[in-house]
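Shared between the two complexes below is chain A, which pairs with chain B and chain C, respectively.
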Partner chain A sequence: MSSGLKTFAASVAVTAALALGLSGAMAAETPKKGGVLKFVVPDEPPSFDGHRETTFALIHPIAPFYSLLTKVNPENSSDPTDIICDLCTEMPKATDGGKTFTFKLRQGVTFEDGSPLDAKDVKATFHKIIFPGEGVSSARKAYFVMVDSVEAPDASTVVFKLKYPSSAFIPALAMPFNFIYDDAKLAQDMHWYEKNVLGSGPFQKFERQAGAFIKGTANPNYYEKGKPYLDGIEAIFAKKESLRVQAIRGDRAAIEFRGFPPQSRDDLVKALGKDITVQESDWNCVLLITPNHRKKPFDDVRVRRALTLAVDRWGGSEYLSKIAIVKTVGGIAFPKHPLAATKAELEQLAGYWPDLAKSREEAKKLLKEAGIPDGFKFTLNNRAVDQPYKIVGTWLIDQWKQIGLVVDQQVQPTGPFYDTLRKKQDFDVSIDFNCQSIVNPLLDVSKFISADLSDSQYGGYIDRDVDKLFNAMNETDDTAAQRKMMREMEKIILDEKALGFITMWWYRIIPHRSYVKGWNVSPSHYLNQDLANVWLDQ
Partner chain B sequence: MATSELPATMPTDARTHRTAWQVFTRMARRQPLGVAGGFIVLLMIFMAVFADFIAPHDPTAMNYSAFAVAPGAEYWLGTDPLGRDVFSRIVYGARTALFVGFVSAIIGGGAGLVLGVGSAYFGGMIDLIFQRVMDIFMSFPLIIMALAMVAIFGTGTDKVIVAITIPFVPRCARVVRSSALAVREMPYVDAARSIGYSHSRIILRHMVPNVMAPFLIMITAFVGQAILLEASLSYLGLGVQEPTPAWGLMLQGGAELYAESAPWIAVFPGLAITLAVFGFNLFGDAVRDTLDPRLRSQ
Partner chain C sequence: MHQYIVKRILLMVPTLFGAAVLVFFLMRMIPGDVCELRLAGTGSTFDPASLALCQKELGLDKPMFVQFVSWVGGFFVGDLGTSMWTNQPIVSEIALRFQVSLQIALMATVVSIAISIPMGIISAVKRNTWIDYAVRAFSIAGIAMPSFWLGILIILGLLITSQAWYGVPWMPPITYVPIWEDWQVNLSMLIWPALATGYRYSAVATRMTRSAMLEVLREDYVRTARAKGLIEKVIVNRHALKNALLPVVTVIGIEFAFLMGGLVVTEQVFNLNGLGKLFVESVSNHDYTMTQSLVMLVALIFVVTNFVVDLLYAWLDPRIRYS
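This part shows the complex of A and B:
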C-alpha cells in the first residue's frame, strides 16, 4: 500500500471509530452462535449472476452464498483498501516488475454440492469476468483491462499476468461481485448461474419465494472454522421505504444494508432508544448531472457551464444532508481519498466557487452569450427512486430556476430510465450516478471517458484529452503523478469543457437493531455482505 | 270586466323577477348538501383561478432555513421537507386538480357522449361490436385502467390527462347509450330521418341535446373521480411530477417518512383531496336530483 493510501486508510478508520463509538466494544464481545438474521432489501435481484449484475439487490441476498478470491477485511470494512484473502491463503507480492500475481488457494474447500473448489474454478470464473465470450455479459470487464492472462498451473495456484503494472488490479480483484463459480457448471452453460445459486460461501440451501424472500442456512463445511455464527439468513423484499423502516421498528427485520435517510434514523432512535445502533459512513456513490451532448443547446459548452455554475453545492450539502442520503461535496474522485480534490482545489472549479452570487451571474452571462432566452424550458430525466434521485432532482430544478431556466422533471422507473439513457438517448439533461464497491478512483472515473470507450458514459461526448489522462493515470504507480493527472482530468470534465457534473456524494446511514453484531459499515453498500462474521446478541 | 283586471301573467312574472338570493335560498332549502358541494367547488375554482394572488409564497421555492416547519404565522400550514410552503402548494394544487379533472371529464365524457349516441342511433352490428369493445374496457377497474395507460404513455400532467380520459369514455358511452336508445324511438327523430337529414345532423342536433341530463350528471361525477385518480397516480409516483404542486404528490415520499414528526405535510393535502371529492360528489348528486325528472317529482 502506498503512503498516501495508508494515510487515507488510517484517517477513514479513525474517523469511523470515533464517530461511531465502536472502538473496543466490538473486540471485547465474544460472538454467540445461533439465530436467523432477517434483513430488508428494497429490490429483488434481476438475476443471480454476480458477474452480470451491478445492483445491491443482488449482493445483499446472494453474496452470503458465495466465496471470493480476496475481499475487504470485514473487521475493518470502513477502510476499503484493507484487502485480505478469502479463498487465497496469503495476499501475493507482485513479481515480474509488478506484472505477475500468484495466488495460493485454500485446500479442502467444496461447493455446496460437494464438488471440490480448486484453481480451475477460479480461472474459469475470472475468464468469464475478464474475457466473456460471445453472448456473455460481464459488467466489470473494463476493470480488468490490465490483465493479459489467467492461468492455473496446478490445483492450488492461480496466476494473473498483467500487460503493465497497475495499482488498480488488486482492488478490482476484491470486488464483491466476483463470485467464484464451478467451472463444470460454466462449461455446461455459461448462463447457468443466472438462474441458479451454487457457491462455497458461509450460507447454503438457497430458497426463494419471488416477491417475498430469499433464505439460506449456515454452511456446516464453511472453510473459516466456527463461522458463520448465524443459523441462517432471510432477506425480505420491501420496495417502500416506510415499510422497511416499520419492519425494523416492529422487529420484523433487524437491519437494511443499503441506507436510510436522516429522518428515518431519527425516528428509529427516538422510538427504540438503545435498541437501535446507528452506523454511518461516506459512500462511494455519487449523483451526477449528464447533459446530452448530442442535443442542442447542450452541445454548447457555455450552456453546460451555466448549468453547473447555477448549483449551490456547499449550501445544498448542508441542507440536503438533513433530508436525503447525500452529504459530501466532492469532485470526480471519492472524497478524502488521496486522489480526491481538497476543498481549496474544488473551490477553483466552476460550480464550486465560494461566491454563489458571482457564480450565478456568470451563468446568466453565459446563457445570454449562447442565445438562451430567459424562461428557456428543458426536461430533466430522472429515476423513480425517492432517495436521493427525486429529492436531488427537485432541488436542482430550483437551482436552475435561479438563473431563469424552467425545468420539468420526467421521472421513470429504472428500466425505462436506463432505456432513455442507453437506447433512446433523446433526453435533454439527466440525473445519473456512479456507484462503486472498492474505493478505486483510478478506475471509478472510467465513467467520464469517451462514449466509444465507456458503456456507462451517457452524455455521448468524445474527449481524447480525458481518455489520455485516464490511461496515463492507470499505467503509473506514482501517486503524486496520478493525483496531478486526476486534477487535470477533473478540471476538463467539471469546468473547462463542462462535460458532466457532480452534485453531491452519498452518505450512508444504517440504523439497525443493537443485537446485530459483527457487521461494520463500509463506504459501499456492496461491500462486506457475506455475513460470515455477523452474530446476534440475543 | 273584473276578471280582466286579474294579472293573468303574474305567476310567471314573479318567477322571472326572483332575485339571485331568493333562488339561492330556495335551492339551499331544497338541496342543502348540493349547495354546500357547490360552495366547495366554487371555492376550489376561486383558488385555482386566483392562486397567484392567494398563495403567500412561491409553491416551488425552497427555503433552506424552513425545513419541515410546523404551521405558524409565516407558514400557515407549515412547510414540507424541501422547505416549501404547504398552503401555497395546496392553493396551486387546486389548479392542477381542476385542470386534470375538468379536461379529463369533458374530453372523456364528450367522446363517450358522441360514441354512445352514435352506437344507439345506428344499432345493429355497429352497436353490438361497439358495446363489446366497451365491455372489454369496462371489465378493468378504473384505477387499473389508468395505471395501464400511464405505463403506456408515461408520466406528467398531459399524459395523466390521457390516462384518466380513456377509461371515462366507455363509462359515459354506456350510460348515454341507454338514454339515446329511448330518444331514437321518438317521433321527432323519425321525422328528421324521413325528411332526409344526415346521420350526423340527427345525432348532433336532435339526439345529443336530449341526452344532456345524464351526460351532465356523469360529467360532475367524473370531475371528482378524475381528481381522485390524479391524486392516486401522483401518490404512486406515476402522475404529475415534482416540482408541480399536486395534492397526491404532496402525500408521497416525504409525507410518509415524516408522518410522525411533521404530520401536517400529509394531513392538509389529504384534507384538500377529501374535501374536493366530497364537494364534487355532493354537487353531482344535486345536479342529478335537479335534472332527473323522476327524482325531481319525488
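This part shows the complex of A and C:
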C-alpha cells in the first residue's frame, strides 16, 4: 500500500470511528446468532443478473445470495481502498511488470445446489462480464478494458493477464455486481441468471413475491465458519420514502441501506432516541452541471466559467447539508481518496475560490466580455427527484441570480430527462450525476472524456487533452504520476475550459435500529451488502 | 333481457379495442425507453452495445405497427407477454396484485355502504336539523380530504398513540399476507387503507343518497303512503329507499372500478402491493407491455362494472327491465 493510501486509510478509519461513535467496547461485542433482518428497499430489481443490471435495487436484495472473488472489507468498509478476499485465499501481488494477477481460491466451496465452485466458475463469470459475446449484455465491460485474458490453469487458480499495468484493475474486480456464477448454468444458457438465483453466498433459498419482498435463509454450508449470524433476510420493497422512514420507526424494518435525508434522520432520532443508531459517510455519488456545448452561448468558455464562478460551494455545503443528501465539496475524484484534490488544491480552481465576491465579480466580467446581457434567461434541465436533484437545482438558480442570470428549472421524470440528455440534446444546461459502486477514480472520471468516447458525457464536447490524460493515468500504476495527471485533468475540466462542473458530493445518512450490529456504512450504497457479518442484538 | 345482455357484451369489444389503440400509441409518445432507463438510470458509464441489445431483445427495434399487431394478437389468445422491466409473465405479475386490489376495493365498498346509506337516509329524513348539518360536514370533509393524506395521518396517529400508550410505536404490517393464510395479519394491514378510502368514497355516496332520498320523499306515492297511515320506517325503507338507490348504485359502481386500479398514492402510503402501485411503477419504468395490459384490465373492469350496474338498474327498477 502506498503512503498516500495508508494515510487515507488511517484518516477514514479515525473519521469513521468518531462519526459512528463506535467505541472499542462496542466493536468487541460478541455476535449473537439468529433472527431475521428486515430491511426496506425503494425499488425492485429488473432482473436478478448482477452482470447485466446497474441498480442498487438489485444489490440490496440479491447480493446476500452470492460470493465475489474480492470485496471491500466489511469490518472497515468506510475505507474503499481496503479490498480483501472473498473467494480467494490471499490478495495477489502483481507479477510480470504489473500485468499478471494470480488468485488462489478457497477449497470446498459449493453452490446452493451442492455443485462445487472452482476456478472454471470464476473464469466463466469474468468471461461473461469482460467478453460477453453476442447477445449477452454486460453493464461493466468498460471497467475491464485493461484485461487481456482470464485463465483457469487448475481448479483452484485463476489468472488475469492485463494489456498494461493498471491500478484500476483491483478495485474493478471488487465491484459488488461481479457475482460468481456456475459455469455449467452459463454453458446451458447465458441468460439463466436473469430469472434465477443460485449462488454460494451467506444466504440461500431465494423466495420472491413480485413487488413485495425477497427472502432468504442462512446458508449452512457457507465457507466463513460461524457466519452468517442471521437466520434469514427479508428485503421489503417500499417505494415511498415516508413509508420507509415510518417502517423503521414502527419496527416493521430495521434498516434501509441507501440513505435518508437529514430531516428523516432527525425525526427518527427524536422519536426513538437510543433505539436508533446513525451511521454517516461521504458518498461516491456526485451531482454535476453539464452545459450544452452544442448550443450558444454555452459553447463559449467565458460563459461556462462564469456559471461555475457564481456557485458558492463552500457556503452551499453548510446550508444544503441540513436539508439534502449533499455535503462534501470536491473535485472530479471522490473526496479524501488519495487521487482527490485537497482543500488547498480545490481553492485554486474556478468556483472554489475562498473569496466569493471576487469570484462573482470575475463571473460578471466574463459574461460582459461574452456579450451576455444582464437578465439573460436560460433553462436548467433537471430530474424530477427531490433528493437531492430539485433541491440542488433550486439552489443553483439562486446562485446564478447573483450574477444577473435568470434561470427556469425544467423538471422531468427520469425517462424524459434521459431522453433530453441523450437523444434530443436540446437543453441549455442540465443537472447530471455520476454514481459509482467501488471507489475507483481512475475509471469513475470516464464521465468527462470526449463525447465520441463516452456514452455518458452529455455536454457533447470533444477534448483530446482530457482523453490523453485519462488514458495515460489508466496505463500506469504509479500513484504519484496518476495524482499529478488527475490534477491536470481536473484543472482543464473544471477551470481552464470549464467543460462541466461539480456541484457537491452526496452524503450518506443511515439511521437504523440499534439492535442491528455488524454492518458498517461505506462510501457507496452498493458496497458491503452480503450481510454475512450482520447480527441482531435482541 | 337476453338480447340486451348480448348487445352490451358485443359493445365491449370496440370499447376495449379503442382503449388498446390509445394506450399503445400514447405510451410510445412519452420520451425515453425502458432500456435507456435501465442502463443509464444510475448515472454510471455503460456500453452502448448493451442498449442496442436490450432494445432488440424487447422488440423495440421493430416498426411500431409490428409491435402493435404482435401485442394485440397475443391479447386475443390470452397471452399478455412478459414485462419489459422484470421479464416475468404479465399474467402472474398482475394476478398477485389483483387479489390485493380486489380485497381493498371490496372492504372499502363495505365501509362506504355501511357509512353512506344510513347517514344519507338520516340526513334526508332529519333535513335541516343539527343531525343533517353534522352528516353534511362529515361528508364534505371526506370529499375534501384525499385518502392518501388521511392514510398518512392514520399511520402517524397509530405510531404516536401506540408509543404514548404502550411505549412501543406500532404501525400496520407492510407486507401482504393473504386472508386465508393469516386473517389477523391480513386485516391488521388492510383495514386502515379500507377505512381511509372507504371514508372518502362514502362521502360521495352519502351526499348522493341524501339528495336522492330528498327527491323521492317529495314524490306523490310517498305522500300517498303517508296518507294511508303507514309508519315512517316502512315509508322510508320500503317505498323511498329502493327508488333512491338508483344513482347511488351508479356512484358506488364507478368508485369500485376506480378503487381497483386507481389507488395509486394510497397503495404507496400503506405499501400495498396492488394494481395502482404496479401501474405507477410500470409507467415510470416505461414498461410498455405491463402498462398496456394494466390499462386494458382497468378498462375491462370499468366496462364490466358499468354492465353490472346496468343490470342492477333493471333489477331495482321494473320500468327499465320491461322496456
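As a working rule, the second predicted complex is superposed on the first by the 533 of 538 C-alpha atoms of A that agree within 3 Å, B and C clash if a C-alpha of one lies under 4 Å from a C-alpha of the other, contacts with A are read in each partner's own complex, and residues count from 1 in each chain.
Methods note: contacts are C-beta pairs under 8 Å (C-beta built on N, C-alpha and C of every residue); 3 or more make two chains touch, one makes a residue touch a chain.
None of these values were measured; they are calculated from a predicted model.
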item	value
Chain C versus chain B on the shared chain A, clash or fit after superposition	fit
A:S137 touches, of chain B and chain C: first, second, both or neither?	second
Broader residue contact with chain A after superposition on the shared chain, chain B or chain C	C
Contacts of A:L356 with chain B and chain C, given as first, second, both or neither	neither
Contacts of A:A451 with chain B and chain C, given as first, second, both or neither	neither
First (chain B), second (chain C), both or neither touched by A:V36	neither
Touched partner set for A:R249, first chain B, second chain C, both or neither	second
Contacts of A:K401 with chain B and chain C, given as first, second, both or neither	first
Chain B versus chain C as contact partner of A:I492, first or second or both or neither	neither
Chain B versus chain C as contact partner of A:Q410, first or second or both or neither	first
Where chain B and chain C come nearest after superposition, their Cα distance in Å	5
Touching both chain C and chain B, counted on chain A across the two superposed complexes	240, 242, 416
Complex interface listing, chain A residues touching chain B	240-242, 245, 261, 263-264, 266-267, 315, 318-319, 322-323, 384, 386, 390-391, 393-395, 397-398, 401, 408-412, 416
Of all residues in chain C, those that touch chain A in their complex	30-33, 36-48, 50-51, 53-54, 85-88, 92-93, 96-97, 152, 155-156, 158-159, 163, 168-171, 173-176, 268-271, 273, 277-278, 280-281, 284-286
Sites on chain A touched by chain C in the complex	40, 44, 46-47, 52-56, 135-139, 141-143, 194-195, 209-213, 234, 236-240, 242-243, 246-247, 249-253, 271-272, 285, 413-420, 422-424, 432-436, 443, 446-447, 454-456
Complex contact set, residues of chain B against chain A	60-62, 64, 67, 81-83, 154-156, 237, 241-243, 253-254, 256-261
